[in-house]
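Next come two complexes built around subunit A: one with subunit B, the other with subunit C.
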Partner chain A sequence: MKKIILGLVAMLMVVSLVLPATAQAKKPLKVAFVYIGPPGDLGWTYEHERGRLAVQKYFGDKIETKYVENVPEGPDAERIIRQYAIQGFDVIFATSFGYMDPTYAVAQEFPNVIFEHCSGYKTAPNMATYFGRIEEARYLTGIIAGRMTKSNKIGYVAAFGIPEVVRGINGFTLGVRSVNPNAKVQVVWTNTWYDPVKEREAAVALLDAGCDIIAQHQDTTEPQKAAQERGKLSIGYDSDMGKFVGDTVLASAVWDWGTYYIATIQNVLNGTWKTHAFWGGLKDNIAGLSALSPRVPASVKKEVEGAQKKIMSGWSIFTGPIKDQSGKVVYKSGEVIPDDKQLSMDWFVEGVVGKVQ
Partner chain B sequence: MDFLTSVLTITIRAGTSLTIATIGEILTERSGILNLGVEGIMLMGALSAFATVFYSHSIVLGFLVAVCIGGLLALLHAFLTTTMRANQVVSGLSITLFGTGFSSFLGQRLGPATNNFRLVGLRAERIAPLAPDWAKNIPILGAFLNQDIMTYAVYLLIPLAWFFLYKTRPGLWLRSVGEDPQTADAMGINVAKTRYFYTIIGGMLIALGGAHLSLSYTPGWSENITGGRGWIVIALVIFSMWNPARAVWGALLFGGINAVQFRLQASGTSIPANFLNMLPYVGTIVVLVLMTWWEALSKKVGAPAALGTSYMREDK
Partner chain C sequence: MKLLFEKRKTTSVTALILVPFVSFLVSLVLTALLLAIFGANPFKTFGAMAVGAFGSSHGFAETLVKAIPLMMTGLGVAIAFKLKFWNIGAEGQLTMGGVAAAGVALFMERFLPGRSLLVGALLGGLLAGALWAGVPALLKTSLKVDETLVTLMMNYIAILYSEFLYYGPWRDPKGYGFPGSRMFSADAWLPRIMGRAHIGIWIALALAIILWVVLKRTRWGFELQIIGASQKAARYQGIAVERNIALAVMLSGALCGLAGAFEVTGISHRLQQGLSIGYGYTAIIVAWMSQLNPLAVPFVAVALAALAVGGDQVQMVMGLPAAMGVVMQGLILFPMLAGSLFTEYRLSVVRPEAKAVCPDPVEE
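Let's turn to the complex of A and B:
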């Protein structure tokens, strides 16, 4: 009798082990997103959230997505990423530069979970990085600004003097100067990604200094609003800011993470995911140009479309001749700045007023 | 507008919310209550003012609601610290944590359905500068005139607060409660009532400072719109040595430093922005050091001796 019961118990145990395993095979792929700001910032995090929604819509019930917002970079990020890994999430997207080391640390502990980190440089067999050449889109917005400035002074509210921001300023300035060699781009640093008050104060300072178009590398629409209140124009970033501010935003350099997220998750579902360092541009759809404001004349629009085609066909915006601020030619005609030099860029091209801090 | 006038204009505009909140906090601290909830109350004030104006289209109502919310939060602080005799630092900090979180929470839910129930990115009526064009162009003086109604109110509030504190009987009572509640009690002043009253008044003014941000300075709601200005207010109270008249200079210095540093950057100077940003805090530390170093000065400037302590008549 005892043996029969023991046998039954053993069978039950085996069955209970097998059952969840079979059930698991049918379970949707669990995908988590970690955000630095609120999805309502109408900028950086807003675009990632749109990417998440696009993924959810595309795959339907084949996947399940979750997100957590306002995660500070540092120990908190590591705790939250680890929490997701423990909860059995299969793919975790960490969407801020400062999440790099926390993500890397957790990736070492969970070799079966796939980690995707945005804008960093560390990879592991189960951790990939992805980012986009938004400066290609900024180059196009620069053409518009260069054509439409009357004072030949364009203001640029910038967050931090890191290569990502410097590349954007240089790409924008090269765009401006490609059509208007007399225009100057004046940079003011705020030393913050997100501070509506400071972003506005910086924009107002630039407007008072005579700038008539305001571009920015920040996370809110405040510089755009400040320009509009003065009756001046602006260039948006992150999302199509014209939608929130109005047609004084001539165009925006925008992110489109959805395409990349869909491709990545498809790879995971197919079992073909491999670690990588993705750095796409306009032709990969990850960075793009928003619809132009009706204030942009048709001739300028044509010019922008021409440049867009050129970039799409593989031309680099960082093709020489490129001069630095002192006027010295640093890259000769036809020479392209190599990727590693772009990734560590810490100098301004000719036409930028300001210093990398 | 010449350079000086434009810098002064933006400095006064930036300093307005700081000055109002600082005067509020001075009144509170003069009664012996340390309210570290400034950041949270300012955020709740900014949010409630903007949400009210967005739906009611009435700026007056917006200010009223902000004042009520600020008063309620301060009442909570007064209850915890005066009646329950809780630790003032802990109570204040928890109000800041609460206000920061709750304002973000409401900001994602109070909006209209067309905006996904969010308040971010919406526009509402704002208070605009009052001065006519000819007045704006007067050098220097134009900077004072080219301001909104709140700033004009601050011009009045500063001398009034100073006069009240140093030249009137209730002002003397207030100072004596913060200085020596036992003696004040013996003189027949109701210590608890005084502390309740000025904590609430302080909270109302602090919320008004927040409302100025969302209705005038950076019109609209964005999460964490204060960006740490509540903590600057607490530094400003020390910097101004608990005197409303001196609070102006502090607020102008703190508020103006950003305006000035961005302008210096825009004009291509080589002074690092971080250095300029640091200056007001150095000033605060210098004041603190001087006060500890030289106790006589501390007495002279009138740091409330009973600040941060609770009072019960039965205590000895």
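Let's turn to the complex of A and C:
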């Protein structure tokens, strides 16, 4: 018994020695990232992790970064975010839509900590949001899918019926129909960001329904793998999924968070950080198109490059005429869907098969 | 030489004290080995976990946040298990409790002014849990349908039903399409005492004591004990076995339902994902580790909650993968559960009578 007590005392001493030692070291800016999945998902979290590594490399020992993975959206997230705030982190990046309310709650309590929430809409003097118009890249992948489908049925595995995902589906479908007005995009909801099994099952259901290309708005490469196993093609998202799955992935709409993260941290270090709602597009580098698979014919590649140029020069993919699912023209020729209507989009364009939940 | 496992005739006090202690040491050694393999300093990791769970008011409050539902469902499961009614449905009862409480908080504002909205929500949760547990209880007592399967299957029904509600008719119209109901009015919020820890902790502790008194000191408790020991004996004594089982199981469900009501009124203030995250299953471990003793439940619940909250540190401080925290929880629990076997059984070594029966090859 005595030995055990002695052991415990020794342990406490070690702990009390270690803790102040780390606190006294010279103070780099402490930056935390909260992830919904593991960085090994090869999709959403993988890209944020690449962004974190890019920042760490860029700033070296001027900053210290930490991350926590597999944090569920909901009450548990608030505990983790608050814990980082208490531990004295200066900037906290919360990288999933469902972290919005928890982040907002903690931001109220810690006015001196900077919070950056990805893909939401609530801001505070110390809480900013950031996101990208990935649907611009999706529009380009839609051109490829529209040209390369044989059954004219394209499947789309989608996470939640929120504007972010709906915009992506609409952007993709507009791209498809710009070159192939007969093709239809069929949507299946999974109600999860990260669940490899569910993502795969949804893709299989779409393949069974006759789809020959699978697009997706999920966090992993499972839909791509499911398509490949059936000898079918796919369109990737988040990362350049062709690298992980093979050339059956015709192209991917990809994120580049590093550029944004570096700019943001630079602002914090300079003391010029202000709350904001950043929503960049192809021209800001935050959203982009991966290299195309060798399976994509040169003629299609040319078409994609043409559209890419058009978007880079300021043309909006949401330029009318745009019809809704009933065939009614909702935006007349030349009319552009305003940003606020894009941010709250809850309806599908013509050519989408399925219902916004 | 032969090893024999035999049931202890009397409970050994030494074993009762020593076994958990030794089991805990074994857990620590196993976990330390695993940590060492991953190149993490075990002492630093344990220290970080302890500091994370108890070292700050925030950490302690978060430990309580997780302990409250574990206490409530642990008590519920313990009561049912006492009667050898294997209620695996705590998760579903908790979910239905949350759903009912949310229903009251969202739609009864007009009829329940002020704080009565909160009371109504809690009662709603309690009632829903009792009714949800009442179904398998009734099936068991009237038709002898196996309760293990029914309670387990009903979990899925409850969880899917709650999803249907917050993805469908209850979804916040101003939530930009994200699943989840709108926020309750502040009248339906359970008062908090420290961080996010709410007064549910006092209610849970009081219930633990009340349950212990009921089981040990009342006639009804005595009847339940007899039913648990032998239904035949209970019947012979003229105890209404079926009615008592049904009542106790509904009480079990009521406790779990109240746990769900606490979660929505105390923590999330809305019905959303994250309500059913396995408290009802961990409750089974809580009940067994407490040896079905209501007074032990709060301690075990706090210990398991601390393990979960402290487990965050494995990631946040030590930079180990998230899965490590979960593996460590398993490594710590397993020897504890396996060890509890030794309080009821003992291992005895039976030496063979003739040496020649078992020749030692090395000596030859």
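We take it that the second predicted complex is superposed on the first by the 331 of 357 C-alpha atoms of A that agree within 3 Å, B and C clash if a C-alpha of one lies under 4 Å from a C-alpha of the other, contacts with A are read in each partner's own complex, and residues count from 1 in each chain.
We take it that a residue touches a chain if its C-beta (ideal position, glycine included) is under 8 Å from a C-beta of that chain, and two chains touch if they have at least 3 such contacts.
Quick caveat: nothing in here was measured; it's all calculated off a predicted structure.
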Q. Taking subunit A as the common reference for superposition, should the pair subunit B and subunit C be classed as clashing or as fitting?
A. clash
Q | Touched partner set for A:244, first subunit B, second subunit C, both or neither | A | first
Q) Taking the superposition as given, does A:162 touch the first partner, subunit B, the second, subunit C, both, or neither? A) second
Q) Does the superposition put A:280 against subunit B (first), subunit C (second), both, or neither? A) neither
Q: For A:70, select first, second, both or neither according to whether it touches subunit B, subunit C, the two together, or no partner.
A: both
Q: Check whether A:357 is in contact with subunit B, with subunit C, with both or with neither, and answer first, second, both or neither.
A: both
Q) Touching A:38 in the superposition: subunit B (first), subunit C (second), both, neither? A) both
Q: Examine A:196 and indicate which partner it touches, taking first as subunit B and second as subunit C; both and neither are also allowed.
A: first
Q: Please indicate which partner A:28 is in contact with in the superposed arrangement: first for subunit B, second for subunit C, both, or neither.
A: neither
Q.
In the overlaid three-chain picture, which partner chain does A:320 touch, first (subunit B) or second (subunit C), both, or neither?
A. neither
Q. Just one of 37-45, 55-63 or 145-153 in subunit C hits subunit B in the overlay; which is it?
A. 145-153
Q: Mind sorting out which residues of subunit A both subunit B and subunit C touch, each in its own complex?
A: 38, 70, 191, 357
Q. Residues of subunit A touching subunit C in their complex?
A. 11-12, 14-15, 18-19, 38, 66, 68-70, 72-76, 78-80, 82-84, 86-87, 97-98, 121, 160-163, 166, 191, 344, 346, 356-357
Q) Which bits of subunit A are touching subunit B when the two form their complex? A) 37-38, 40-42, 70, 155, 186-189, 191-192, 194-198, 200-202, 204-206, 208-209, 211, 220-222, 225, 244, 353-355, 357
(Q) Under the definition above, what is the set of subunit B residues touching subunit A in their complex? (A) 1, 6, 10, 14, 104, 107-108, 116, 118, 120-121, 213, 217-220, 222-227, 229, 258-259, 262-263, 265-268, 270, 272-274, 277
Q | Complex interface listing, subunit C residues touching subunit A | A | 43-44, 46-47, 51-52, 56, 58-59, 62, 65, 163, 167, 176-179, 196, 263, 267-268, 272-275, 277, 309, 312, 315-316, 319, 321-323
